[in-house]
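First chain A sits with chain B, and in the next complex the same chain sits with chain C.
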Partner chain A sequence: MLAFLLHRILHAFFVMLGISFVVFILIHLSGDPAAMMVPEDATPQQVQEIRERMGFDRPILVQYGLFLGRALQGDFGYSYRIRRPALDLVVERIPATLRLAVTSAVVSLGLGIPVGILAATRQGSFFDRLSMMAILFGQSMPTFWLGIMLILIVSVQLGWLPTSGYRGPEYIILPAVTLGLYTSAMVARILRSSLIEVLSHDYIRTARSKGLADRTILTRHALKNAAIPVVTVIGLQIGYLLGGSVVTETVFSYPGMGLLAIQAIRGRDIPVLQAFVVSISAVIVLLNLLVDVLYTYLDPRIRY
Partner chain B sequence: MADIRSCTVETRLASFEVRQEPPAYRRYLRSLRTNLPALVGLFVLIGIGIASVAAPLLAPHDPAVQDIARRLVPPAWSTGGDPRYLLGTDALGRDVLSRIIYGSRISLAVGILAVTVQGCIGVALGLLAGYYGKRVDSIIMRIADLQYALPSLILAIAIMAVLGPSLRNVILVIGITGWVYYARIVRGEVLALREQEFVVASRAIGCHSLRILLRHILPNVTSSIVVVASLQVARAIITEASLSFLGLGVPPSIPTWGGMVSEGRQYVATAWWISGISGAAIFITVMAINLVGDWIRDELDPASKRARQVSTS
Partner chain C sequence: MNEQGNTVSARRALARVQSRRRFLQFAAGGLVGTAALLAACSQASDEQTPGGEDAGPGTSSTPTVATQPGGETPTGSSTRPIVIAQGVDIASFDPHEDTSTVAIAVFRNVFNSLVERDHELNLVPALAESWQTIDELTWEFQLRRDVLFHDGNPLTSKDIKFSIERVLDPSVNSRSRTRVEVIDRVEAVDDYTVRIITREPFPPLLTILGYLYALPADKYQEMGSEQFAVSPIGTGPYKFVEWVKDDHIILERFEDHWGGSPSIPSVEFRPIPEAATRVASLLAGELDLATLIPITDIPTIEQRSDLDIRTVPSTRTIFIGMNTWNPPFDDVRVRQALNYAVDVQSIIDNLLGGHGLRIASVSGPAEFGFNPNLEPYPFDPEKAKQLLAEAGYADGFQTTLDTPVGRYLQDLEVAQAVAGYLANVGIQVEVRPAEFQEYFTRWLNLEIPGLYLLGWGASTLDADGVMGGHFHSKRRGLYYNSPESDRMIEEAMSEFDPERREAIYHELMAYLHEQAPWIFLYVQEDIYGVKADLRWQPRSDELLNVHEMSWS
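Let's turn to the complex of A and B:
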């Protein structure tokens, strides 16, 4: 277990190193990074001054070394719009985005697991057909459109929930549903098919023939095995939930990292954008590490 | 086959079996006839295809012409609607229906071209990783790991923010960020295929590696590629719409569905149709693709079909 953990941590380290390189390349994609960092009405002297101060006139590998050295100390430079360190601005938004991601995950599991179980145990029934249709709908719906329609119906017409911002727990419901619906469709579909598969195994028939109640068979024998593909999907969806938060936070003006990133892009605030990409990847890498550990608990056959 | 009696037993049996197997396209047509959802999806897609090709003929108005006097006209069926503007007008008085028709061009272009770019990159890297193994494999797969830690939407947003909005950039960005799915599947299949007799045999008679990859291995992985591509078309269309919604996609002067949802957003309380209808266009298109995609998966991947048959029994 320790060797496995060390291996995963080392792997995570290399992934982060790669991401830092991608982020570094990003500013050089535009051609002249110095020109991007100055206001549009800057004089050539000002551009040259920035170029020298930021080291953009040095060889590219030297620049990467400098960038990495600073990034390791948490220094992504100062935000251009607000005179504060870029990383601080991003880090103080992490709890809000995590809160949204976790609530969405709760929504998607709370919706996806019961639907998946009911559909699998009542295969071919009306409910099964209905849920298959709902899954198709959930997977075809663009997040931002769903969010706007929820605002229109739930907030504007019914007046049940606030439209945007964050001033209390009720503000998170609509964004979480918006973000979680796609994943819940995914969870329901995967759980349904994996449960159908598991329920056809011999040991389930044995359990049934010795007179166990359906509920016991389901909770004690079937669900834990059917959960493995679901955990895989959740692991892959972590990236989706955090990445999708950019769109959802924009729709609901929810003050998380995603909204900050979009504001940074509009204000051409490259240090904040860089800090955002690195931070969000770090969060994803960490969460995936947790999923890997959860795996070994669920399936003792998995040994690394 | 001049005279059946002159054939050996073997060839007679062989020709008998050949006659039993109908041509592939006929088999697909037959299974499509019995699959109503896929058929509906296919017709919707054909309709959207026609709309995008014949947009100048079908659109009742110029999608760019503004008319402030006729701004925010509701759809024709609601009170205050104008039959000349079937789906109403937007905040600048532009005809929503015409913009939806023109917007289909961007969605389809991105859906087709971006997926082609993804496919070319992903398949090439997957073939190389699977066939050569060792160092080539581990380098390509480590890059794939990176892509998993960096969600494709985030990467696309970051690259678009730096490159600036244009249709070419959108296609390239979605193409670059989506290759992993192909590479993983193709690599896995190539790993199994490269040990098979026909590959070993062609290597033994001196075939060039490139020839083995393209003539012997690639044809055997095409059905997996088609299955992945059918999923990726829907994803690419949603990603383009999301980028345009965030103002990071195609320049706002070109009508796109995602851009229209974004434009209509601030009027949603009073003029729901701008965001509502353009988002519905995305929703319907993606659903049609998913329905056709499910059918393609059933046809090309026997395991998926079996899972389905279990489910409907």
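Let's turn to the complex of A and C:
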């Protein structure tokens, strides 16, 4: 187990290294950062002055080496736009984004698990077919469109909830539903098929034949075994809820990391963008590690 | 960037993730890509729009004696606050640190400059009540004696000297410095007299003074720049109350403002980046004023009796530039032919819903030096074909048209329409859309081979902005310049008499009209959605001066 963990941590380190490299190169290929730091009407001399001062005139691998050296010490540089340490800006936004991610996860599990169970236990019923359609719908709706539709219906037509911003608990409902609906559809679908498969196993028939109540069979025997693929999906989806909040946060002007990232992209704020992508990637890599460890608890047959 | 530009909206959700490994790869590239897509779809200039930033003063820049400050200030007081939504939040409340249009729109409520522009964009005295030139390099300003900062202390020449020299100090590394580098130093002659000394003769000095705000010298030093940037003190009609980043800014009426107390008691600015959400908030009654309304949402807002659409020609010119060093665009007949070939009015009517103003040369009517006597090239495909034939291109030719996407209203659609018109006269155009930053970098590096679509707003509202930025060999005439344009541009910049200066620009604009280095298109309109009972007309310079607003 320890060897496995060390191996995985080493692996994660190289993944992070790769991510940082790709991100760095992509950002620098997408336009001259110096030209973006001065007004459009700046003279070529002024642009050149910035380029030299910021070190953008050096070879890109040298720039990457310098970036990496500082990043390993947690220094992503200063935000061009706000002139504060880039990592601080990202870290400040974590609570807001986490709050949204957790609320969305509650929506997604609260909706996805019951629907998945009901659909699996009533396979082929009207409810099952209805829920499968709803799931298809939930998975194919773009977040952006769903968010706007919710705003137009719930806020504009009905006037029940505020459209955007964050000043209290009621502000989180629409973004959380927007973000959670997609994952809830995923959870329901995976749980349904996993449960259907488990319920067809011999040991379930045995349990049934020895007279156990359906409820007991479900909670004691079936659910735990059906949970493994669901845990994988949830692990992945938390990454989605964090990273995917870019779109949702923008639609709802919700002041989290995603909104910060969008502003960084628009304002060509490279340090903030790098700090954001690397932080999100780190979280996702970490979650993967956790999911792998969780497997061993859920399925004793899995040993590393 | 400003605002810019651009707006941003993502139509596609993040790609589905099938496997964890793929998600990791995706995390690196995908996030960036999606965000860029987001940024691309929003309508033009949501955020930083460097071209259109602020407006220095402009029309006439000779010394005059002060009349009343500030345009028409509404009278009467009200208890109803106003809520205004723009596309982005400000980056800092230190007014010299964020030069984007949205930030200036906020700052103008809290801070003042020596001279400012009134609603019609005329240069008017503000903190300075009069001024005169002592010699070619020295300007002397008399300050008003009744100006108080929000903390109750009076404004003196010491504050002006401090504020300007702080921006000029290279060690401060101010974002506003590149725009005012022509200023050498500031001298405080007595408490209410300051002299500004420029490095070289600079007739449009007043047009850049709008970039410089009066800050309280002692208080600023006492607070330090970081503290000041989150709890600013100015001399403007509204004083700072609260700023919650990315959520709201609240300002409150300053009763002791030198120009009189404004009508609306307080104002809240909210950043709402997504245009569709901004419109929804307006429809839901959460906002009193929203900027940058997409053309497609105009009918929805107009249907509502309690809401209004209000528009104004902006200071942003949209045009198709040509690389005049490369054939066939090195031939003036070809360049003119392109102007005859495109039905600009039809593009304005069909793609912009009529929200554009056709222009005949390189600047719009808001700018000093605009030549109102020029007529746009008529739409005449036959004439275009004839000119092409004379130039030896009777069978047309192939070229490219580079364009940003989502930077300006309907930019890609306009580029495609232009390509369509050019195809009608035999010119095969490949439209190459790109993300603005990447595109603009290529533009700066002279890497555009054929045609390009660009928007341009002279931040000073003075013709020198566009001239230096596009047509002077030693400044930034990247894609066109000539000895004639150089000569006239330099002549205008050494002429202190505004009438003679304007005459030079008229001649220069006529010359450029003839030379046709661009396909001259239009000036974009800014579109605002407002509560119908708000008394306010939008300004061409995109400022949101709350003291110019009142409730009816």
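Following the convention adopted for this analysis, the second predicted complex is superposed on the first by the 296 of 304 C-alpha atoms of A that agree within 3 Å, B and C clash if a C-alpha of one lies under 4 Å from a C-alpha of the other, contacts with A are read in each partner's own complex, and residues count from 1 in each chain.
Heads up, the rule we're going with is that contacts are C-beta pairs under 8 Å (C-beta built on N, C-alpha and C of every residue); 3 or more make two chains touch, one makes a residue touch a chain.
Just so it is clear, the model here is predicted, and its values are computed rather than measured.
Student: Will chain C clash with chain B on chain A after the two structures are superposed, or do they fit?
Tutor: Once both complexes are aligned on chain A, chain B and chain C clash.
Student: Is A:81 touching anything from chain B or chain C once the two structures are fitted on A? First, second, both or neither.
Tutor: second
Student: Of the partners chain B and chain C, which touch A:296 in the superposed model: first, second, both, neither?
Tutor: neither
Student: Regarding the shared-chain residue A:162, is it in contact with chain B (first), chain C (second), both, or neither?
Tutor: In the superposed model, A:162 contacts chain C only, not chain B.
Student: Would you sort A:124 into first (chain B), second (chain C), both or neither based on which partner it touches?
Tutor: first
Student: Looking at A:200 after the superposition, I want to know if it touches chain B, chain C, both of them or none. Which is it: first, second, both, neither?
Tutor: A:200 contacts chain B only, not chain C.
Student: Which partner does A:14 reach: the first (chain B), the second (chain C), both, or neither?
Tutor: It touches chain B, and chain C stays clear.
Student: Quick check for you: in the superposed arrangement, does A:255 touch first (chain B), second (chain C), both or neither?
Tutor: A:255 sits against chain C, while chain B stays out of touch.
Student: If you stack the two complexes on chain A, which partner ends up touching A:263: first (chain B), second (chain C), both, or neither?
Tutor: second
Student: On chain A, which partner's contacts cover more residues, chain B's or chain C's?
Tutor: C
Student: Output check: A:43 vs chain B and chain C. Expected answer is one of first, second, both, neither. What do you get?
Tutor: second
Student: Do chain B and chain C land on any of the same chain A residues, and which?
Tutor: Residues 15, 18-19, 22-23, 26-27, 30, 36, 139, 141-145, 148, 151-152, 156, 236, 239-240, 243-244, 246-247, 250-251, 261-262, 265-266, 273, 277, 280-281, 284-285, 288 of chain A touch both chain B and chain C.
Student: Touching chain B in the complex: which residues of chain A?
Tutor: Per the stated touch rule, the residues are 11, 14-16, 18-19, 22-23, 26-27, 29-30, 36, 123-124, 128, 136-137, 139-145, 148-149, 151-152, 156, 192-193, 196-197, 200, 236, 239-240, 242-244, 246-247, 250-251, 261-262, 265-266, 270, 273, 277, 280-281, 284-285, 288.
Student: Which of the residues in chain C come into contact with chain A in the complex?
Tutor: 1, 3-6, 8-14, 16-17, 20, 23-24, 27-29, 31-32, 34-36, 38-39, 46-48, 50-51, 53, 88-89, 91-92, 97-99, 178-179, 245-248, 270-274, 276-277, 280-281, 283-286, 435, 437-441, 444-445, 456, 458-459, 465, 468-469, 475-476
Student: Hey, which residues of chain A end up touching chain C in the complex?
Tutor: Chain A reaches chain C through residues 15, 18-19, 22-23, 26-27, 30-32, 35-36, 38-44, 46-47, 81-83, 139, 141-145, 148, 151-152, 155-156, 159, 162-167, 182, 232, 235-236, 239-240, 243-244, 246-247, 250-253, 255, 259-263, 265-268, 273, 276-277, 280-281, 284-285, 288, 291.
Student: Name, in rising order, each residue of chain B that touches chain A in their complex.
Tutor: 142-143, 145-146, 148-155, 157-159, 161-164, 234, 238, 241-242, 245-248, 258, 261-262, 264-265, 268-269, 272, 275-276, 279-280, 282-283, 286-287, 290-291, 307, 310-313
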